[in-house]
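Structures incoming, each one as structure tokens.
Here chain A shows up in two complexes: once beside chain B, once beside chain C.
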Partner chain A sequence: MFKYLFARNEDIPPGTAAVYFGYSSIIWFIIGTGLGSFNAAKLAFPDFVTGSELFAFGHMRQVHVHAVIFGWISMAFAMAMMYITPALGNTRLWSEKLGVWNCFLWNVGLSLGLTLLWTGMTSGREYSDFPWIIDLYIAAFIALPLAINVWMTILKRRTQGIYTTNWFFGAGVFMVTIVFLVGNTPEWFQLTGLSEAYLTWWFAHNVLGLWITPVAAAIAYYTVPKITGNPLYSHRIGHLHFWSVVVFYSTPAAHHLMSAPLPEWLKSFASVEGVLILVPAIAFVSNLLLTMTGKWHYFVDNLEIKFTITGVLLAIPLNMQGGFQQTRAINWYIHGTGWIVAHAHLALLGFSTFLEAAAVYYGLQTIMRRKLYSLTLGNFHFWLLLIGFATYWISMTIAGLIQGAAKIYEVPYIDTVIAEHPYMIARWVGGTLVFTSNIVWLYNMWMTARAGTEIPAGRLPHELAYER
Partner chain B sequence: MAFREYKIGTRLFGVALGGSMMITLYFPTIDMTSVQATEVALRKALSAGRQNGFAYEDPFVTGEGKPVTVVLRKDPVTGEKMEPMEAYVFPPGTPFPSAIRHPRTLGSGVKELSLQQGRIGEADESRGAVFYVDHATYQGEKLAYIVNATAIKGWQPEQVLASVPEEDKKYIGTGKTLFVREQCWWCHTLLPEQTQDWQYFGVPPRLGDFNSEGPTAFGSDRKAPDLLHVASRNSSREWMLMHFFNPRLVQPHSIMPRFDYLWDEVDANGNKIDYAAWRKAYEEYEEGKRIYPPEVPEPHPDSRIRKLVDFILSLK
Partner chain C sequence: MAWRFDNPLYTLSDEESNKRAMELWEKESLGGLTENNNRLPVPVVWLLALTIVTAFAITFPLWGQRPTAAIYEEYIALMDTPEVQQIQDDAQKMEYIVRTVKAKGSKYEALQDRHPVDMDDLRLIKDDIIELKRQNADLEEYFVVGPDVVLANFEGNLKPDGTRERKQPWWDKGYTIDVFYVAYFCIAVMIAVKRLPHYSWQPDHHKYHHG
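Showing the complex of A and B:
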């Protein structure tokens, strides 16, 4: 990598940045889920690695969350943007060199930020936990260079129209930059009290709603038509999806604080807008499932479609939960319980991770022009990930319902803790399966780079048969 | 941008996102910053200090540059006995909370009283100040407001600190910072819910209870009791110390981590704390080889745990 940092832009082979981003994201995935599994063990067995400041639960938890969100998910997004945006514009990435620098600065900044967070340097605000210096770094050296590269590539495209995926990419990088700059104003300008609490959740909500969800969906808009060969079912529904994300997803931030003393009008407004999130959700799911028409055998035969469609299917329970759990009628029951943790993992480890994994699988094969080393290992990865995730999701949902019931019947809190214990162990087991599956994945991708069959010029990875 | 549609599209995008930010950022913040601060908010602001997360005066989030809360039993200048009252001492150089820096955030009435009767505008960070909370009527409404005792009574920070015995000093601001740093809020909330927490965790906070607080650290994943009123349920310092050193000493089923490392190096008598020996003795107790668990060391007054417990016991 270092040799490309100072090379001339023309001398860097196309796709280099995407490959670096791809492998970085897998490594962060392993680190992040390893930390998750460690935290889960601590919640199941509190005296596991005890009495040390650095390995205390409070110090480790956010490191997990930020490693997976900004390491795995966001880097996989960058990887997807670096190869899908030019591919859809029938051109090259605007600046490969900027991409390589972007990847380098991203890894450096993230490692630094996580180390600070780990030692206890935090802003104390959930999801925007990074000290503001790191937030500034993220906006200036991570989000902005990525945005410039994506926009310039779109502007320099050699096609006439802009495909759905690229609308989402272009808007997503813009919105995430704005969210970072606005969401951290409490730290920059010392906003306090309820405004601080509200802006914390404004940031958290929008980083998920205007970055992770739309960009993950954008990836599916590319992979499904590309691999199955079917055109997108409806461009119009794509429009509906895009515009309803911008309008409905950007507004319900206050639904995270339904039981806090925020102004009532704000909570009611957020709750109604929150239900409207079902509009983009249904548009997205139906559009992609209808695109599969006549090609459902790919769901079984082809690994990338298997991942993508699983992710799309997981978006159904995700959005059903998301749309309704924030209404007053339901929120009071499940707020602040394990249900929400289960929901968060359904969104990030279920829906979004499966879509990104497909993009990383497909992108790395396409750019390196090598067929996947082993389908068996790929399938193993898929099933371990799915079973691990399902174990996690089900056990935490049950734990959440127990907590909810305990909340109403006002049992002594310790009885809730005792009742949750088995599910904490199940969650740890499930998470550990996910972690293990990722190591298998890294091995498989590593071997693909070294020993995968070469893809002949003019062919695409999914057109070749799997060999192992 | 070959198509006219894209020009229209980008503009519409700007309108949509701008409109959304208008409704979800501008209106709510205008609404929330004009809320009138309650007495709870004033006391929190004065005891916590400017910022309890990452801040330039405290980059390592260890609780530097925070005020000291004291219980005054006699007048620090004249030495006369008086009704016990709480005062908030900001030694020279300690940054003031936004309640003092930006009195606008106190809301109408509280702002006027604090500026006119309390003279908080005269407080100077570089010379330090002492504040307390008083009550007065403003346009027929009884309100709490902040008094700058340095301007009105001539109390100097050093003088006040020197006149108060150690047990009447509470490091609530540093304690709150440690609460943020050790991230107790991943398990505990500081927000009884408005719907069903009344009986067990106490009254939910009100709209004006937060002015000037930052971070609010509400917590969102509750895996443990809400702490906003914990000291009303249990105010035993001894229980708290045992529980923090090893929660399993008092609650065998607890999943709370041990916070023994907050005792730091030495105990109250200046002896080095031998953690390894303590753990070994505790293991023997668990295995049934000892009848009693080992004693929890009495913390040193400068240790972090003392400050954290000061904060927890202030949560009434």
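Showing the complex of A and C:
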């Protein structure tokens, strides 16, 4: 990487930034899920690693969450943007050099931020836990350079139209910048009380709704038509999806605070909007599944489509849960329980991770012109990830229902802890499977770079048969 | 990109604009990807309509709220009765109170079940509730938040005395805003898609691209 930091832009091979982002994202995924497995072990076995506050759950949880969101998910997004945005505009990335610097500064900043969190320096606000100095760093050296590169590539495209994926990419980097700047105002202006609570959850909600969800969906809009060769089923439904994400996902932040003393009318408004999150979900799922028409064999034969369609299918339970769990009728029961933890993992480890993994698999093979080293290992990664995720999600959902019942019926807390213990062990098993699967993935991608079969010019990775 | 309004549900673009759009649609390759112009399948349209209706319907009954002071009024009235006073154990006292109120029948029975309390809780809120009753306050307008009895944060209709009703409404201005918000969204998206060529036209992707 260092040799390209000071090279001329013209001398940097196209796709370099995407490759660095791709490998960085996998490494952060391993770190993030390793920390997750460690944290889950602490909840399953309370005597595991005690005596040092550095390894206390309160320190480690934030490091896990931010390693996964800023390291894995967002860097995989950056990777996808670095190669998909120019490809869809029939052009090159606006600045490969900016992309390489972006990746370098991203890794440095994230390492610094996670170290601060680890040592206990935190804003104390869930999802926006980084201290203000890291927030500024993220805005200046992570979000803005990425946004500039994406916007300039779209502006300099060699097509008249802009494909659906690039609407989402262009808008996603804009929206996340606004969300980041506004959502961190409690940190910068010392807002307290209800303003702090509301903005904290406005940030957390919109990072999910206006960054992770639309950008992950945008990737599927690329991978499914690209690999199957089918046209996207409907440009019109793309409009419905895009605008409904912008309109309905940006407004329901108050539904995270249904028990807080916010104005009740604001909760009513947010709760209706919360159910309407199903509108973009229905548009997205129907558009992608109908694009698969006549090519469903790819769901079995092709690794990237297997990942993508699994992610698309997971959007159904994700949005059914998300839409209804925030209504007053259900929220009073499951609020503050493991159900919510399960839901968050369905969003980040289920829906979005499967879509991003497809983009990283496909992108790395395409850019490096190397066929995946081992399909067997790829399939092993898929199934281990899916089984690990499902074990986690199901066990935490059950644990959440137990906690909800115990909360409502005022069961003594220690009885709840005992009742949910088996599910905490299952959570640890699931998380550890996910962690293990990612080590396999890194090995497979490392070997792809070193020993993958070369893809002849003019061909795409999915057009070639596997040799191993 | 001229507009036409003679058949708005068919198209909002004039013929020239539609023709240019159709030609570009077929001619241009966006990184090797193409798009069709299919409409939203009719069952999915109904599913979306159902979603919008459900979004309002499922949030109407404002369940899961904080308990109002009114639901504990009957409990507190029983606290100082000789029957309760002669019971020594707090848990048994509470059980007697709950049983007695249930036997008499209370319009708050479901809410009482949903928000159980013990004798210590009742002792904490007792004085506040008695004071509010003395002031002829409507206890349904007050929430019990931990040890405090506070004015509810609902903003209902204006009362004759000019103050706001603080009871749980079935409709509030949040829903009114939602109605307009959803309506504006539907209109805006309709305009966006009706500016495209009508869905009866599908691009021929082989006209300019082969293989």
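To be clear about the criterion, the second predicted complex is superposed on the first by the 468 of 468 C-alpha atoms of A that agree within 3 Å, B and C clash if a C-alpha of one lies under 4 Å from a C-alpha of the other, contacts with A are read in each partner's own complex, and residues count from 1 in each chain.
In this text, a contact is a pair of C-beta atoms (placed from the backbone, for glycine too) under 8 Å apart; a residue touches a chain by one contact, two chains touch by 3 or more.
These numbers come from a predicted model, not from an experiment.
Enquirer: Chain B or chain C: which reaches more residues on chain A?
Expert: Counted on chain A, the partner with more touching residues turns out to be B.
Enquirer: With the two structures laid over each other on chain A, which partner does A:Tyr222 touch: chain B (first), chain C (second), both, or neither?
Expert: A:Tyr222: touches chain C, not chain B.
Enquirer: With the two complexes superposed on chain A, say which partner A:Glu126 touches: chain B (first), chain C (second), both, or neither.
Expert: Touch partner of A:Glu126: chain B, not chain C.
Enquirer: Looking at the overlay, does A:Pro263 come into contact with chain B only (first), chain C only (second), both, or neither?
Expert: It touches chain B and chain C both.
Enquirer: Now for A:Asp135: first (chain B), second (chain C), both, or neither, which partner does it touch?
Expert: Touch partners of A:Asp135: none, neither chain B nor chain C.
Enquirer: For A:Tyr163 in the superposed arrangement: first (chain B), second (chain C), both or neither?
Expert: second
Enquirer: Touching A:Ser52, do we find chain B (first), chain C (second), both, or neither?
Expert: First partner only, chain B.
Enquirer: Using the touch definition from the top, say if A:Ser244 reaches chain B (first), chain C (second), both or neither.
Expert: Only chain C is touched by A:Ser244; chain B is not.
Enquirer: For A:Ser195, is the partner it touches chain B (first), chain C (second), both, or none of the two (neither)?
Expert: First partner only.
Enquirer: Using the touch definition from the top, say if A:Glu304 reaches chain B (first), chain C (second), both or neither.
Expert: After superposing on A, A:Glu304 lies clear of both chain B and chain C.
Enquirer: Of the residues on chain A, which ones does chain B touch that chain C also touches?
Expert: Residues 160-162, 243, 247, 251, 259, 261-263, 266, 269-270, 332, 408, 410 of chain A touch both chain B and chain C.
Enquirer: Which part of chain A faces chain B closely enough to touch in the complex?
Expert: 42-44, 46-47, 50-53, 56-59, 61-62, 119-126, 131-132, 155, 160-162, 171, 175, 178, 182, 186-187, 190-200, 202, 243, 246-247, 250-251, 253-254, 256-257, 259-263, 266, 269-270, 332, 335-338, 340-341, 403, 407-408, 410, 413-414, 417-418, 420-421, 424
Enquirer: Inside the complex, what are the residues of chain C that reach chain A?
Expert: The contact residues of chain C facing chain A are 24-25, 28-41, 44, 47-48, 51-52, 54-56, 58-59, 61-66, 114, 116, 145, 153-155, 168, 172-175, 177-178, 181-182, 185, 188-189, 192-193, 196, 199, 203, 205.
Enquirer: Given the complex with chain A, which residues does chain B contribute to the contact?
Expert: It is residues 1-3, 6, 12-13, 16-17, 20-21, 23-25, 27-29, 31-33, 35, 41, 50-54, 59-61, 97-98, 101, 105, 180-187, 189, 191, 193-197, 199-200, 204-207, 209-225, 247-248, 251, 253-261, 275, 279 of chain B that touch chain A.
Enquirer: In the complex of these two chains, what residues of chain A are touching chain C?
Expert: Interface residues on the chain A side: 84, 87-90, 159-164, 222, 225-226, 231-240, 243-244, 247-248, 251, 258-259, 261-276, 278-279, 282-283, 286, 290, 323-324, 327-333, 408-410.
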